[in-house]
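What follows is a pair of complexes built around chain A, which joins chain B in one and chain C in the other.
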Partner chain A sequence: MAKLDIIGIPRALLYYKYRYLWECFFKELGCHILLSPETNKEIMDQGINHSIDESCLSAKIYMGHIYAIINQVDYIFVPRFCNFARQETVCTKFNALYDIVRNTFPHKEVLHYNVDVLKRNGELKGFIKMGLALKKNFFLIVKAYIKAKLKQKHHDKLAHKQQADLINNESCLKMLIVAHPYNRYDKLVGFPIIKYLMENNIMPVYADIVDHKVARQRSLNISKTLHWTYSKELIGAIDYYQDKIDGIIFISTFPCGPDSLVNELCLRKIKYVPMLNLVLDELQGEAGLHTRLESFIDIIKIRKNKQEAVS
Partner chain B sequence: MKKGYLGVDVGSISTKGVIIDSDNNIIAEDYLWTEGNPVVAVKQLLKNLLVKTRNKDLLVVAVGTTGSARKLVGTILNAQVIKNEITAQAIGTLELYPEVRTIFEIGGQDSKIILIENGIIVDYAMNTLCAAGTGSFLSSQAKRLGMHPEDFGKWAIRSKKPTKIAARCTVFAESDLVHKAQIGHKKEDIIAGLCRSVVLNFLNNVGKGKNIKPPIVFQGGVSKNIGVVKAFADITGEEIKVHKYGHLTGAFGVALLAKRANDEHCFDFNFVNMHFETKGIECMKCPNNCEIICVYKNNKIIDSWGNRCDNGAVLKQ
Partner chain C sequence: MNKTAKVLSFPRLGNYHIPIAFFVRKVLQVEVLEPLPMTRRTLEVGAKYSPEFVCVPFKYNLGNFIEALERGANVLVQAGGGCRFGYYAEVQEQILRDLGYQFEFINIVPTAKITPWSIYKKFKEINYNLNILRFIYYFYLVFRMTKMMESMEKYIRENGGFATKEKSLITIYQQFLTSLNTTNSWSDLKRKYLRYNRLLKAIELDKPSDYLKIGIIGELYTAMEPFSNCDIETNLISKKIAVTRLTTVTYLVFDKLRNRRQIINAAGQYATYSLGADGTDNIARAKYFGEHGYDGIIHTKPFACTPEVDAMPILQKISRDYNIPILYLSFDAQTSEEGILTRIEAFYDMVKMRRDRNEKGLFRS
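What follows is the complex of A and B.
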């Protein structure tokens, strides 16, 4: 029997959005997966070393994850995303990632799929090409894709249901976290903020856990002209959860282009709830962060107490 | 014997302390430079406060700390309340001016705006990475002009036509200031221009997009500069209130919070004779390599912080 191919998946960026799709697909094809560890300071430092200065922190961290596993795998998995339809694009970072990785680490073979629907490259076509590149049987590939797709859908629905149950059952203060999944799950970027909230008895409600179709539709209530799909899903969630939350925290990484525009837009347009905008970079000290979070929580608590006293 | 409540505000540049009585009157206050050593500064502060209250038959029963060194000083003083400076300042200001709607605060290294509606904070903003337009900016420009920052205000209000100075960034402001002086602008005009640029910088950066409504209270160390107060009044077109205790509102606010905490135990001024030490260690147990700060009282560890995970928890031995 031939030795199993080891496919390296960096635990960063879109991994947090498509983890079940990717992991299930490769497992069904009989490949072995090596997932990079949770982000730590060493990964971040290596990422900074392997990126240009102008990259956003999340993309720098991604490069660090690739560096952490690149010598232990046969393939490194880096998909390319461009658009899902007209007016449904993504940050250019996701267009470029495949080429950046290939040029930064030229000695390793990059496994990829391309989602560029306007140029007739859909997800299924991409997965078939990728499976064929791994020399797998065509029918096995299609079967694996369908199974993986269903699994991803199932987990998305489950997460949504669990969050909805928590919102209905918990009486504590609820804070909507508007951040890309790769920022809010990251051990160094979003996790310290989430941990701080939970230690202060505040339930985080995640804007990325929502029915994405509904969210894209509802984002029109806030802005009609956005064309970044992932941003639409996040701000649509603000509209969706608006009457269930006590405050909003925006978390973005410096210098994220889409977030700098979209978060500012929300800060100016939304009036009914207190908001805090946190922009993180690699020089971030925890002290300033805690001062901002602590005073923001104070504001929300005092406001809530006053409201309850009135009603 | 009367009960007293101590509030300590340890900022980057100055350390402030007040003792209030049960009717919220300030009985004693003190103000000194932190000089990069908060522990020494707080010891000196407490010595001074002790001298000022010696004949007043006072027992301090609660302590609160705020400011950037609030955690360290709070641990050392065994404080009941450790609160961020935004909340503390708002509480303090609301006690002095219950009707206030907007608070401008410019300190040594930070500046903030706090918006209040019906006696509660509804929004705030702070400067982030940049210290342009704060107290340290003014004092470094004063040095360049060869004068004391304390005299700035007197010079500024003499000016009839303030010079325009680019104040987006300290570095540019400095070169612009030299240029303006060399082409013959009067010293008082340049100083008034600097005060004006501090205000513009504040309103454009920190106050950006905020709905500023009167009554406006201006506080923090820079509020002692009458040139900046005048510039604020000119630009906003509103009356700017400055309290004589404007630099102490953080300490005052946290003293009030300590009083409200309802957890009274006698504070021992003997603290000034104890030996405190902090040590920074690198954890080395995982790639994060957190820097952990340990606080020792008479060579015994009393607290530690800085670790991201439980691996780095320092055992209290």
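What follows is the complex of A and C.
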């Protein structure tokens, strides 16, 4: 019996957005998946060693995840994203990631799919090409893709519903976390912040858990010329949740390209709620972070008490 | 603001403000405030009101806008590109509005890519009497004018260091640029070009056969605006080096869009897909320089420019494969000129030593 292919998926960047789609697809095709462990200090250090020092922290962590599993797998999985429609692009980091990995780790075969809708490379076409590269049956690939896509949709909807229920039922203070999924789920980047909020009895509302189509539509209320889809979804969520939250925390990694401009615009345009802009890098100390969060929480509590006293 | 005359201004980039101002003056028939040469203050003002880790062209452009508004401009124009540049306009407009300025803001590329037609429609909004034929005539005229400037600049970059009389080429070029403002027709422009080009070529050159060749690649703004890169081109030219720089405005606006496929093919095994903005172009050029026996490459970028940072691991590989040294320069609002010049000096020494050693090696064998 032929040996099963082991496909390595780095637990970083867009994994958090498409995890069910990717995992389910490869499982349906009968491949083994090796997921890299949660981010830890060693992964980050290796990532820093394997990337240019000016790349953003999230991309450095990604390289660390690849390094952590590269010797145990047959293929490493690095998708390439370019655009989903006109004015629906992604950060150029995702355009280049496949070529960066290929050039940094030249001895390993890189498995990828390409999403570039303006050049007629849709997601399905990309998945079919990828499946054929793994020498699988065409119909099996299409079936696996459809199944995986439905599963991803189901989970997105479920998460949205759960969050909506929580918002309606909980009475504690609610903080909107505006951060890319890869920052807010990451054990070293976003997790300490979320944990601190929870310990202080504040409910985090995640901007990435939202009906993405609605969010992209509503982002026009804040910015008209924004062309990064993932940023659109986040700031659309600000507009969507605006009357349900008591504060906003922006989490970005230094020096994130889209966030440097988008967060600035949000800080200037949104007037109705207090905001905190956290920029994290690899030298982050926990104490400084806690001080800033603590004082921000105090401000929100005082503001809330005042509002209640008036009404 | 009541019905006062419109005064238009735009950010500065190298010498390109001359054709742009000429075009706007002829086509829109509004007053144009040409951006002043960049100073330390431009950057300081721009950096003060910019987000902290945005790339440095944003800060320069914002500084240009603030200085123009202070001098009385009330219509500002900003373009856009494939990276963060495409989102500059909206954020800059918001920042300037928050500062309390009154102005009209024109974003040339709000949704689509730059085409002559989209520019025409934008211009029609400002000047209702604009005639399409007049637009096409001046569009073509300015296109030729830019091409002429670029070809002369190219000649100066390649030969400027070898002129027997120092800086004589630059002086003639400056005269050409001043004369451009009074251009009134196509034949007039052509006459001027032929005259100054003849003068330029007439200058005696003392070019040895084994001169050093260095290529400049990198992000478009820091490659083309001398103030933002501490004028490394002039510095290299004065060291008797032939400098090649392939990034020009006509390349970015016209050639690049036409030859997308060729650029990726030229990058060969190093890039499968476009890296976004000018990343792929720079990889293709680095490979070209490596193949054509250049002595070194200088790569310029603003701090944290994502497409160029993405290109860097690949450039490092090219550097190893072709055995060609690459100097990576990163510019920001705090970059000190001395630091850059020292690095260039060291790079120049290294390139020269490599060349000498190779020649000796050749003699021995």
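The rule is simple: the second predicted complex is superposed on the first by the 311 of 311 C-alpha atoms of A that agree within 3 Å, B and C clash if a C-alpha of one lies under 4 Å from a C-alpha of the other, contacts with A are read in each partner's own complex, and residues count from 1 in each chain.
Just so we're on the same page, a contact is a pair of C-beta atoms (placed from the backbone, for glycine too) under 8 Å apart; a residue touches a chain by one contact, two chains touch by 3 or more.
Predicted, not measured: the structure shown is a model, and the values here were computed from it.
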### Query
Clash or fit: what happens to chain B and chain C when chain A is overlaid?
fit
### Query
So, does A:N40 touch the first partner chain B, the second partner chain C, both, or neither?
first
### Summary
Once both structures are overlaid, the C-alpha centre of chain A sees chain B and chain C separated by an angle, to the nearest 10 degrees, of 80
### Query
Given the touch rule stated above, what does A:P192 touch, chain B (first), chain C (second), both, or neither?
first
### Task
Could you tell me if A:A207 is touching chain B, chain C, both of them or neither one (first, second, both, neither)?
neither
### Task
Examine A:N103 and indicate which partner it touches, taking first as chain B and second as chain C; both and neither are also allowed.
second
### Message
Is A:L226 touching anything from chain B or chain C once the two structures are fitted on A? First, second, both or neither.
### Response
second
### Query
What is the contact status of A:K93 with respect to chain B (first) and chain C (second): first, second, both, or neither?
second
### Task
State whether chain B or chain C is in contact with more residues of chain A in the superposed arrangement.
C
### Task
State whether A:R268 touches chain B only (first), chain C only (second), both chains, or neither.
both
### Summary
Minimum Cα separation between chain B and chain C after superposition, in Å, equals 6
### Summary
Check: chain A residues flagged as touching chain B and also chain C 268, 279
### Query
For chain A, which residues are in contact with chain C within the complex?
51-52, 54-56, 80, 82, 86-87, 91-93, 95-100, 102-104, 106, 114, 116, 223-228, 254-255, 257-258, 260-265, 268-269, 279
### Message
Which stretch or stretches of chain C touch chain A in the complex?
### Response
51-55, 58, 82-84, 86-91, 94-95, 98, 107, 110-112, 270-277, 279, 303-304, 306-307, 309-314, 317, 330
### Query
For the complex, which residues does chain A have touching chain B?
40-43, 192, 267-268, 274, 279, 287-288, 290-292, 294-295, 298-299, 302-303, 306
### Message
Considering only the defined contacts, which chain B positions touch chain A in the complex?
### Response
68, 83-87, 118, 120-124, 126, 128, 209, 286-289, 308
